[in-house]
Amino acid sequence: MFCERDERILFSDLHFEVAGGELVQVKGSNGSGKTSLLRIVCGLNEDFSGAILWKGEPVADVREDFLASMIYTGHRAGVNRILTPRENLRWSASLQAPADDSQIVEALGRLGLRAYEDIPCRNLSAGQTQRVALARLLISKASVWILDEPFTTLDIHGVKNLENLLAEHVSTGGAVILTTHHPLSVNCRARALDLDQQRINS
Amino acid sequence: MNDAREIQGLKGVSTWSAFCATLRRDLIIALKRRNDLLNPIMFFLIVVSLFPLGISPDPVELSSVSAGVVWVSALLASMLSLDNLYRADYEDGSLEQLLLSPQPLYFLVLAKNIAHWLISGLPVVILSPLLAYMLYLPSEAYWTMVLTLLIGTPVLSLFGSIGVALTVGLGSRGLILAVIVLPLSTPVLIIGAKAVTDVMFGLPVSSHFALLGAILALALTMAPLASAAALRISVN
Amino acid sequence: MWLWFAKLGSPRWFYELSDKWLPWLYVSMLILMSVGLFWALLIVPEDYQQGQTIRIMYIHVPVASISLACFPLMAVAGTITLVWKMKLADMVAQSVAPIGAWFTGLALATGAIWGDQIWGTWWAWDARLTSLLIQFFLFIGVIALRSAIDSPDAAAKACAVLAIVGAINVPIIKYSVEWWNTLHQPASNFSIDPVAPNPPEVWVPLLVMISAVYVFFAIALILRTRNEILQRERRSQWVIDLVTREKNV
Amino acid sequence: MNDAREIQGLKGVSTWSAFCATLRRDLIIALKRRNDLLNPIMFFLIVVSLFPLGISPDPVELSSVSAGVVWVSALLASMLSLDNLYRADYEDGSLEQLLLSPQPLYFLVLAKNIAHWLISGLPVVILSPLLAYMLYLPSEAYWTMVLTLLIGTPVLSLFGSIGVALTVGLGSRGLILAVIVLPLSTPVLIIGAKAVTDVMFGLPVSSHFALLGAILALALTMAPLASAAALRISVN
Amino acid sequence: MFCERDERILFSDLHFEVAGGELVQVKGSNGSGKTSLLRIVCGLNEDFSGAILWKGEPVADVREDFLASMIYTGHRAGVNRILTPRENLRWSASLQAPADDSQIVEALGRLGLRAYEDIPCRNLSAGQTQRVALARLLISKASVWILDEPFTTLDIHGVKNLENLLAEHVSTGGAVILTTHHPLSVNCRARALDLDQQRINS
């Protein structure tokens, strides 16, 4: 399994591969194009030139398979403010692969949201909302996680917790691409891709 | 986890379940807000009663414009509630998740459109006889009006959806939507209102219904595809 | 004076006071209502023009007059909420809105039924009817706004603002509507005042019915407000005491 | 920095400059979006032209309803553009900054309302003769229509502002606003449309103008205060 | 100059003062009420019981003076996406105390946004938008800064830069109240207020 791309403008001649069992941290200063890169990779942004390959084939050809094995969390959490965390996750799950209620409760519990399952999300704090978004990772069966600044607004426990989740996912053969300005301390094969240097090189 | 068969197997079941889940989600959101359920009706009622205030309380005069007023108000009520369709999802990022679903977007968009119609179109259809009464619509035209609205309002939701999908990423709201959606909806309005007026004059209306039905069929097959494409562009 | 005001603002004080009032209100309503109904339905002579339908008046007029009183009441409560931040006022305001909407709806309905008999139509764009309809919309607006905001404090203030703005507008609406429709439909069509030219045996029972319905309104308002008090103060000690006492009895 | 005098001194100048800056900001935003400028006009045009389609193209019939149709459409156009007034500011946090300004909120809100009227009300006023012509309004009523709209549309903006301010924090859009704003706007609609109709019948209209003027004066003094209070509540 | 408050529910019996020349970091896990606290202090949230004093008087009595000497930046940046950074700042400045153009350009420059002055803010990245919001601090003459997670989405340089700004402000007699999950390394008098402990104590 790998994913590969070439790209111009913000970052020209960028080329990288991600294999299962690996974590890639996309680094770069503000405005260096991290968010743009992730959105291009997962197909939300099509304003680019270059190719994205999934298992050796262009993504366009294997779109469904790619989407089924990929999960993305961006700057905007994808959490409806009126629904409760449970309802939000139930819907998210149904989009990829349905999860039953016990899985959802367990996922929320692992992210420290036990007892918050049935509170409307608008009544959650910034960090709690982010945790709901992250709970999606646990109930999905996707092998590639694409995370844009997932540590934002998380407190110290939350950060540690997420780092453990990432390490666990990678160690069971999953792949992670993430951006963050935090120094990352995960216990697994990790690589960094520095967009600032890419830009300087080009 | 990477076994393609497993994913394939899951997928067969889940297009239907994703459809249902999306429909249910949107209905739950509307139910929780409550206002979403009440407001289309109230809006319809209020707009309809603006016309006598603006035009004249005279029964004869009102009766001659009643079909048009009810239809225009239904159109406006449907259009005003369109904003609920994708806006909130766009802003909280749910729309990105929808687009990243491996399920065919056609069905997901269709589910959202159906939910929208159930919330905003159906109540209008149900309430229309009362308003028709208040505007002195001749009673022989009631059934025609209800039926044309029943066929016409889903078309309004489906066409409207394209407009919202195109404009959901833009900062300014409301009006650009109207400018895109209203022209698309005029054929339905014209045919619907014409059918009602024709019945009032004792003319045959089956051809109008055939036309409306054809438009609905067309809208059902094409509009969700267009909306899906538009959503992809907007989220870009 | 200030002390009295502060005391009045205490939900607990109101709850306990209303405990004492309610039985009296019940009794007076029972008496007024039965006398009024008996008189109005059985004793009052048939109208020479309208026949039996005149009897609808005995429910229509009281209901309509209360529905007009509700908005000012809500606005006063809203002002007190905004200025003195008195919780009780908001509870009253919250209780008035649905009651007002119901009474307005009833006035519309009884008027429509009456109209069907007298004018041969359920609805006409008459001044009074139209302004009452708009007032009904305003009530619905207030209720919708309250249910849409989930912080009770914010909802209270928002509804207070709307009630005040609405109350300033209701007279304007009424006036503009009245004057709008005089051209096409003379006011006499509707506001023929059956009270004045009629003998006391017609208007005395009407007065009785009006007071009966007013007492009924007061009871409904007090009950709703008490309900609201218990809901909102459910965590306070006196409510917990009250509930446990009632359980034990 | 903590010198009270210095702050006082600054303040005197800056209420006016804050007013101007806010007005200018809103106008710049509208200019940059362009749609905002075009949309009220387009919406107004489209809604007005829905009526001949929905009612009947007959000049006599249209002419008798034209005043009402133009006024109702102006009301709806004004209402639809209200969402632009505070929504974007609420969502990006600018509204919090506005509320935290030491300047009197009355003037800042007034500046925003004036900007809204310049963007959405004035174009409608300017365009109205054209539409009146399309609806066969008798030519002697043109001036009255333009003048009533000129006095009436600011009132619509000012009242509407209260409605948006009350609902800006809510998830659901569009309709609840309509339910609150439309009933409040009926007097203006009635008086405005009545004035135009009266002129058509050769009746005197000065009392209508006096009334509209009085309502405008009331709205100018009270509505921004109510909006300001409502904004404080919504942002809570 | 000080500010003081008592509060119940989320945090009961909370009481603190902030003096000029001091930085207070409000700490606490997700959902502990940091955001709520800051919003209460600056008067955006009125759902609380207790008192907030400014120079010894209740804020309600000296509202204008308080607002004129206070500046707040929250989870939502307060940056209009259609306007350019320059236009945004010009408006922000006019609300408190007008600033001329050179000051605005200078402030943007200090935050690393030189050459971005006239780009619509919707084309800025998350971190750049945050920098625009922070530029407000530099052009305002407010002595009290209230910042809710100002480091979010900033890159390493940005974080360092902001820390310097904070230290500078405090050393010239200003006061700062901020929340953050980052470990803070500022060069000035700093205190921490831990809401988790407050809650446990109560």
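Chains: A, B, C, D and E, in written order; residue numbering restarts at 1 for each.
Basically, contacts are C-beta pairs under 8 Å (C-beta built on N, C-alpha and C of every residue); 3 or more make two chains touch, one makes a residue touch a chain.
Everything numeric here is computed off the predicted structure, so don't read it as measured data.
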TODO: Could you find the chain whose CA centre sits the greatest distance from that of chain D?
DONE: A
Open item on the list: Let me spell it out: compute each chain's centre from its C-alpha atoms, then which one is farthest from chain E's centre?
Closed with: C
- [ ] Could you let me know which interface, C-E or D-E, is made of more C-beta pairs in contact?
- [x] D-E
Task: Rounded Å distance between chain B and chain D, as computed from the means of their C-alpha atoms - done: 27
Open item on the list: Averaging over Cα atoms per chain, report the distance between chain A and chain D in Å.
Closed with: 45
Open item on the list: Can you work out the whole-Å distance between the CA centroids of chain C and chain D?
Closed with: 33
Task: Between chain A and chain C, centroid-to-centroid distance (C-alpha), Å - done: 57
TODO: Scan chain D for residues touching two or more other chains and write them down.
DONE: 33, 88, 91, 170-172, 176, 179, 182-183, 186, 190, 236
TODO: Note the residues in chain A that touch 2 or more other chains, in rising order.
DONE: 75, 81-82, 120, 122
- [ ] Spell out, as numbers or ranges, the residues of chain C touching 2 or more other chains.
- [x] 134, 137, 140-141, 144, 148, 151, 153-154, 177, 180
- [ ] Spell out the residues on chain E that touch chain C in their complex, using ranges where they run on.
- [x] 46-47
Task: Contact set on chain A toward chain E in their complex - done: 28-35, 75, 112, 124-128, 130-131, 149, 152-159, 181
Task: Residues on chain B engaged by chain D in the complex (per definition of touch) - done: 33, 35-36, 39-40, 42-43, 46-47, 50-51, 53-56, 61, 64-65, 67-69, 71-72, 75-77, 80-84, 87-88, 91, 170-176, 178-179, 182-183, 186, 189-190, 193, 197
- [ ] In the complex, go through chain B and note every residue touching chain A.
- [x] 1-2, 4, 7, 10-11, 13-14, 17-18, 20-22, 25, 28-29, 32-33, 88-89, 91-94, 96-103, 108, 232, 235-236
Task: Complex interface listing, chain C residues touching chain B - done: 122-126, 130, 133-134, 137, 140-141, 144, 147-148, 177, 180-181, 184-185
